[in-house]
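Which chain is which? They are A, B, C, D and E, in the order written, and residues in each are numbered from 1.
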Amino acid sequence: MKRIKKSLMVGAVLGLLALFPSAGEAGVDREKFLKDPGVYGTFAVFQVDEEWWKLDKAAKVAAVSEVKAIFQKHSDALIADTYLLRGLVEKADVLVRIHSLEILTNQNFLIDFMGTALGQHLKNTYTFNGLTKALNYVPGMSEDLKIALKTQTDPGPKPYAIIVPIRKDAEWWNAGQDVRTAMMKEHTEATVPYLKTVKRKLYHASGLDDVDFITYFETAKLDDFNNLIIALEKVKENRHNKQFGAPTLLGTIRPLDEILAILSH
Amino acid sequence: MKRIKKSLMVGAVLGLLALFPSAGEAGVDREKFLKDPGVYGTFAVFQVDEEWWKLDKAAKVAAVSEVKAIFQKHSDALIADTYLLRGLVEKADVLVRIHSLEILTNQNFLIDFMGTALGQHLKNTYTFNGLTKALNYVPGMSEDLKIALKTQTDPGPKPYAIIVPIRKDAEWWNAGQDVRTAMMKEHTEATVPYLKTVKRKLYHASGLDDVDFITYFETAKLDDFNNLIIALEKVKENRHNKQFGAPTLLGTIRPLDEILAILSH
Amino acid sequence: MKRIKKSLMVGAVLGLLALFPSAGEAGVDREKFLKDPGVYGTFAVFQVDEEWWKLDKAAKVAAVSEVKAIFQKHSDALIADTYLLRGLVEKADVLVRIHSLEILTNQNFLIDFMGTALGQHLKNTYTFNGLTKALNYVPGMSEDLKIALKTQTDPGPKPYAIIVPIRKDAEWWNAGQDVRTAMMKEHTEATVPYLKTVKRKLYHASGLDDVDFITYFETAKLDDFNNLIIALEKVKENRHNKQFGAPTLLGTIRPLDEILAILSH
Amino acid sequence: MKRIKKSLMVGAVLGLLALFPSAGEAGVDREKFLKDPGVYGTFAVFQVDEEWWKLDKAAKVAAVSEVKAIFQKHSDALIADTYLLRGLVEKADVLVRIHSLEILTNQNFLIDFMGTALGQHLKNTYTFNGLTKALNYVPGMSEDLKIALKTQTDPGPKPYAIIVPIRKDAEWWNAGQDVRTAMMKEHTEATVPYLKTVKRKLYHASGLDDVDFITYFETAKLDDFNNLIIALEKVKENRHNKQFGAPTLLGTIRPLDEILAILSH
Amino acid sequence: MKRIKKSLMVGAVLGLLALFPSAGEAGVDREKFLKDPGVYGTFAVFQVDEEWWKLDKAAKVAAVSEVKAIFQKHSDALIADTYLLRGLVEKADVLVRIHSLEILTNQNFLIDFMGTALGQHLKNTYTFNGLTKALNYVPGMSEDLKIALKTQTDPGPKPYAIIVPIRKDAEWWNAGQDVRTAMMKEHTEATVPYLKTVKRKLYHASGLDDVDFITYFETAKLDDFNNLIIALEKVKENRHNKQFGAPTLLGTIRPLDEILAILSH
């Protein structure tokens, strides 16, 4: 937990970076939190209630400052990325994705956030909790496939993010490792054509939530993403998805400041 | 994105056309947006809350003007069609269908719309996002069937619109292309008798929403539409519809002005 | 649409009849609307909100008059029957069943009704839309069965109405006509013992709603009705009911005046 | 319907008895209503809204008197037993079980009850309607089993009541009478060890509600009841329970006065 | 019931202990209630409503005292542990787990708690009721396994608690005892690697709620817990879980005082 006891100055810099997730990902810890196994991710979705809009300008401006301060306060222990779902998903306006080394850290941030004047007007419509793990190469993968999987997504902004929670059926989990491996290989091959335009990240959620996996995607090309999902629907593994989406959360990656400006306009 | 940077004047004309969707579809871009592949469609359904009705006449009139201005403002980047569901679908009063070249464009319009004085009294009960694609002729179709499919729907007003979201099961997606093709041919043949009275449009939604397809229909003859759906229930493909409707959105196509007049009466 | 352009005087008489559905069904058009194929039925269920009860007596009395005027205004284009569900179905107080030649006509009535001072306090918890069709004798029916089906229900008041929406599974629709016919014959035979005490009416809803059929029943003997449903559960067709009820709407047939008196007491 | 036209005096006495259901069941008609076939039972569950608690003491006291008067008023036509679910079932505070000879009688009572000042603060979260029928001995039962079934439950208070609505699948209803009989015999044998500590009552609900049966239990020993349900889960019939519970309503039997005291404290 | 009639002084001490569940579990009765069979556990989940946050500081402080007094008042009849779910589970802020010898005792505590000024702002989103039973060794377990099962979890704080309600399918309950035993043995073996880091407790719920079991876990290592659940998903028994979670309740164990401080900040 030493990582958390950094100087406030470093924390402040980190915090600013956290506020602009799509603008660089330069901070070392941010990189680490997004790459390392053993990091806990919490996805919290909020819907603004009707009362919020009735507040006067001054109250909204004060509320916005308070939220920024809370993000700042926690910025040396976690990274918090913000997304706007409003207009694209019913009953959802804002998504905050939090990464830290303990779910307790995520919870304490959310308690502070939900306790702000704005937070008291936010209805928490969905929350998903997961955990990153070291990626295992599926045995039997060809060298070509392994090389392909090292493909970096194209640089440049990826304005869209999609979160798809998944629950596997008992048959999947009960299948022998070899059967599961074969299905995962088929799955992996189906994703190759989209490695350059769709960035992916996986969280394990069994027991921490009502799903087994939280899959997270970033892209600039939603048509490619649509084709990727169709490709995944066509592989055998799809027969074992008891839940796929429900909800599918589609949003745009936007810095906290922009989201707060929209909510307080 | 040049298409979007048109002069305001053209935008204004387009916008006016957008306000009267059933009266001509004359604008070039409107035609293109409705015919082209690669266009993103967002279907947003709203229910008026109880507080709205308590506003006085002046507040309602001001709110109506504000909404019209928002539709106007975005009219050079998207087309927005309006539908009245009130009375025909529970928990739904108004549907806006938006077409543009980027979902971000659709979202920004909806954020503005939901931020108006009226929008703050609208509960967003459903949203569906999809994408148009080039139509592929199913291989093995007879020449007769291909000719039949070129049938134009009869001219004249089609006051009703129906939206049916559909999700296919894993067996459908896992079936070989030939099996799927045979089912699609059977499906297509079943629709032939209704080509003149029921206009159809298809959106692909896998990954953008919790469904695979959004099917959109316009008709003046709901009895023909009922028979079309029964015909589609009788083909094999129906065994693979994990979700068909839920919700089925039935409404009447009405210009924005008429809908706003009803809501502000 | 000439039918709708009747003189106001006839409309007024018809309207009065519509207000007292259980007291005679004497009007020609009422008879026709209830017997003819090609008539659109909309079933709209409402729940009174908590705010309504706080209104003072004068406001309630004014609201009641306004509702009566709306029913009167539309009485030359449609028939509107009223039912009290309060106490018997959760989240439901009142049901209005509307018949006319166009769903647009039903919608316009409901928009007016929902726009009244009372309507603004009604939450529209369920709506079902359907269409009447000519009854086909199932082939292979014995002469005895055909004669039995001509049985009129016993005269006298039938205070209870029950609405059961039904959705068939894909196997039902995909079955050959002969298989379906055999099941419908078995179904029909099971209903014979109840023809005298349970009046039935069928609406086709595929595509107009999330169900295939809306079945409507009137009876004075709910024990007979319970036995009828058990008899229908015992025939093969029941294996193909993907949805049967959900909701089952049980209410008492009451004139509009009585319902309004209860709501404004 | 003569039964209902009793003198007010008898009605008043009956009414008092109805208020204290666990204290004797002495009244002839109460006995009859609880034993006879052809009696309609309505189970109405209510949740107190947030506004109720804000009323001042005087308003609550007046509301309580009004409710008692309504129970009294209807006491010569029906019996109404009261249960407290608060704390044990989410979204449910109070359950009223009503027995009479006509569902209309139950409805009129509930309309009056829901129209009181307290009733206007009660959200009707669940309602179930059913009908009692004569008990048939399942053919093939041994004499021992028949004697066992005549076992009376032990005397003494049974503070707990549980209501479990049940819906059977199509396979159950489609099974031959002999198959169903064999399953019912197995079911009956499983219940024998609990006849002394768990009192049971059955209502038939097909067509009156979205379930086939409402099963009602009273007991002082919830561990015995838990074992009874486990025993019933282990018999073949359980394979045909499409719905079992959902909701399971667990409450304590308390006189109306005690419940009103708790709600108005 | 003598256990309940203790002196108030002992009750007060016990009550204080109950307020600090993670700080020792020193009281004899607390130990017994958590170990003995025949103890009734009620899990009640609450969500703070929007109105609460608008109360002024003084009102909140008074409300907090009132809640503490209620916990104190009941502390000689039950133990009540508190958990914070806020931020980690949507629609849930606080969980109270109550153990006593009668569900009536649990209910009376909850009625008092829900009747406080704070309680009136708490929405009861979930409640689960269960019963502890004597642990049976599954026949056929090896001596090694029996010894392993006696493993104590590592000492030290376990800040996280997870509650997973489970419902088995009819096939499970209908299986012969030997089949079920074999599956339980496989289940038990899968848990061995996690006995040191994950503490478990089982409640039987059939008939008391819509689930068969309430499983309760405490841990400091959520990654171990995630692996434990994955191990359980891989055993055959998982094929018979009709419901597993839905909801999965993940929270942090916190003393009442800390939770009240967070809610009244």
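Definition applied: a residue touches a chain if its C-beta (ideal position, glycine included) is under 8 Å from a C-beta of that chain, and two chains touch if they have at least 3 such contacts.
Which protein is which chain? UniProt says A, B, C, D, E = Chlorite dismutase.
Predicted model only: the values in this text are computed from it and were never measured.
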item: Given chain C (Chlorite dismutase) and chain E (Chlorite dismutase), the chains that contact each of them; value: D
item: Chain A (Chlorite dismutase) and chain D (Chlorite dismutase), separation of their C-alpha mean positions in angstrom; value: 48
item: Chain A (Chlorite dismutase) and chain E (Chlorite dismutase): spacing of chain centres that average the CA atoms, whole Å; value: 30
item: Cyclic chain order - from chain B (Chlorite dismutase), heading first toward chain C (Chlorite dismutase); value: B, C, D, E, A
item: Chain B (Chlorite dismutase)-facing residues of chain A (Chlorite dismutase), complex; value: 50, 53, 84, 86-91, 159-160, 162, 164, 222-223, 225-226, 228-230, 233-236, 238-239, 241, 245-248, 250, 252, 262, 265
item: Footprint of chain B (Chlorite dismutase) on chain C (Chlorite dismutase) - complex, ascending; value: 38, 40, 42, 44-45, 49, 51, 103-104, 106-111, 114-115, 120-121, 124-127, 129, 131, 168, 170-171, 173-174, 204-210, 212
